[in-house]
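The structure appears right after this line, and notes come after that.
Chain naming follows the written order as A, B and C, and within any one chain the residues start at number 1.
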Amino acid sequence: MSETKNITELKNVLEAALLTSHEPLSLEDMTRLFADRMERTTLRMLLDELKQDWAQRTMELVQVATGFRFQARVEYATFLARLNPEKQAKYSRAVMETLAIIAYRQPVTRGDIEEIRGVAVNPNVMRQLLERDWIDVVGQREVPGRPSLYATTKHFLDDLNLRSLAELPPMEDFTQQEPPLNI
Amino acid sequence: MSETKNITELKNVLEAALLTSHEPLSLEDMTRLFADRMERTTLRMLLDELKQDWAQRTMELVQVATGFRFQARVEYATFLARLNPEKQAKYSRAVMETLAIIAYRQPVTRGDIEEIRGVAVNPNVMRQLLERDWIDVVGQREVPGRPSLYATTKHFLDDLNLRSLAELPPMEDFTQQEPPLNI
Amino acid sequence: MQTLVTIDARIHGEAFTELPHDLYIPPDALEVYLEAFEGPLDLLLYLIRKHNLNILDIPMADLTRQYMQYVEKMHAIKLELAGDYLLMSAVLIEIKSRMLLPKPAEIESEDDPRAELVRRLMEYEAIKLAAQRLDEMPKVGEDISVASAYYQHMSETKSPEVSLDDLAEAWRNVLKRASNFQHHKVGKAELSVREHMSIILRRLKVDNLLEFSQLFDMVQDGIPKLVVCFLAILELAREGLLRMTQQAPFSPIYIQINNHE
């Protein structure tokens, strides 16, 4: 007694199994789906047809090391990535300090930043802040080399929920020497 | 600038997301898929169409407590069961009765459960339900000892294919009509 | 004749000569049977249902007698007797004794000593049936298979969050290390001056040449803002970032980026 009568039904069972499995299914796994004996060649033929059926659709049937699986076509990757945004990294200390200097001392050149921090500014640090659209070049200082003058943008204020730079924590708070800890 | 041009493409993005997500997707999750603003009504319309598209196919688009998901149609259950012969162990009667009391009488304390069942509640019973994420503590009853109040979770509804507690089989079905006491 | 008593069965090609263990029925079946009850209410329900009695019309004498028999059997086979069973015995005996007492005529049915027991039995039975229904419902992981096709995880890296505290902390660190800080002392007011310096530089990037008065919006801006803007221009001039020109006294003052030609 055969429980499945035709090729379409056999393919449907395979499709349901492949779409719901967390792991790739081996040929051996798939033969277990059917109560009746299933030849490997028949199974391969069915998988080929299934692959064809999905050729123009959202998923593709692929074979990987441990078996077969459906996977979303690569063009959907950017959409799907939005569902689970990667945990955001933190900015390095260099980035944060550079940003603080630009925010409080703008407009400043890279040289100014280096002078205040006492170390060379890694170009990568500036790139991160420029790409975030938190700083931009507002002019050049008219000294040899005409270095760019950096300032913070409106976008930076928006992201930090500020109306103007005047709302930044006032710096006098920090200029006072903190009293030494009395232990 | 719109990144997706037509309804078919929008539906494809939704299909790819729903077929690859292990958890139901809420409407909010799905709006995040698109860079452009997506109205709830548009989204619901697309989901309706997608459901129709799959009406004759292996998977069905269903709505449960936390959102939408694709699941294999019930006629494939016997086939798919063969893939995982080591069935999840059935819960004991004590576990199921405790679950029923929490589901139908929530929020309840352990004392309430003991009162209805007429026996002490084994801590192991509660642990099994908590570990399955089918119940959780929603508060304390303001009586001496402040006992924990238990309720069922959204995950419980999802696992039972329900959108809300109102979809549980009605309790009246189980209670015999109360005839006048015949003394 | 010997061959006739030999069991002629083969399982996986091997001769099958012994009874499998799972066919073994424990001789102490009663113990298993009693352990199957979920408690005294469950046992009472069983006794009522077994005799097909109306739960609302419990013959207390029979029920109590049968219940006590079960409890005695449990005791006899040293099944650990739960206090719940003994408590229920007490309840049953109390009900029975109260029913034996002569009833004053005016007593209403609510005072039936069985009413509370009936209520509890009905509630328990409803929960028991509900539990069975829940058990039978299809569940994810048992009968329901949820789509979980694969996709290539591409991480859309979200930009790090920065709070005002983070920024202040960074600035504090800068100040701690900058030994030559003293002459950089800048107050809150000067911060808005610095902001205006950036704003003016941005405008000059677009317009190249601006008339001095164009930098001031006499209608929109309040006095403090006008002052801040003026200070910003002075500061920019002091730092050599812009050049101010005036052809003649009282003629318009023009401002442009300093080009050091």
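Quick notes on this one:
The criterion applied here is as follows: a residue touches a chain if its C-beta (ideal position, glycine included) is under 8 Å from a C-beta of that chain, and two chains touch if they have at least 3 such contacts.
All values reported here derive from a predicted model rather than from experimental measurement.
If the chains shown are joined wherever they touch, the resulting network links each chain directly to all the rest. Taking B-C and A-C together, the chain pair joined by more C-beta contacts is A-C.
In whole angstrom, the spacing between the mean C-alpha positions of subunit A and subunit B is 31.
If each chain is reduced to the centroid of its CA atoms, subunit B and subunit C end up 13 Å from each other.
Taking the mean of the C-alpha atoms as each chain's centre, subunit A and subunit C sit 26 Å apart. Within subunit C, residues 145-151 each touch two or more of the remaining chains. In subunit A, 16, 19-22, 59, 70-72, 76, 80, 82 are the positions where the chain touches two or more neighbouring chains simultaneously. For subunit B in complex with subunit C, the residues that touch the partner chain are 16, 18-22, 59, 69-72, 74, 76-77, 80-81, 87-88, 90-91, 93-94, 96-97, 99-101, 103-104, 116-120, 158-161, 168-169, 171, 173-176, 178-183. Chain contact summary for the complex, subunit A toward subunit B: residues 12-13, 15-17, 19-22, 25, 29, 32-35, 57-59, 70-73, 76, 79-80, 82-83.
Contacts from subunit C toward subunit A in the complex involve residues 145-164, 166-175, 177-178, 181, 184-189, 191-192, 194-195, 197-198, 201-202, 204-205, 239-241, 257-260.
Interface residues of subunit C facing subunit B in the complex, by the touch rule stated above, are 38-42, 54-57, 82, 84, 88, 109, 112, 115, 118, 120, 122-135, 137-151.
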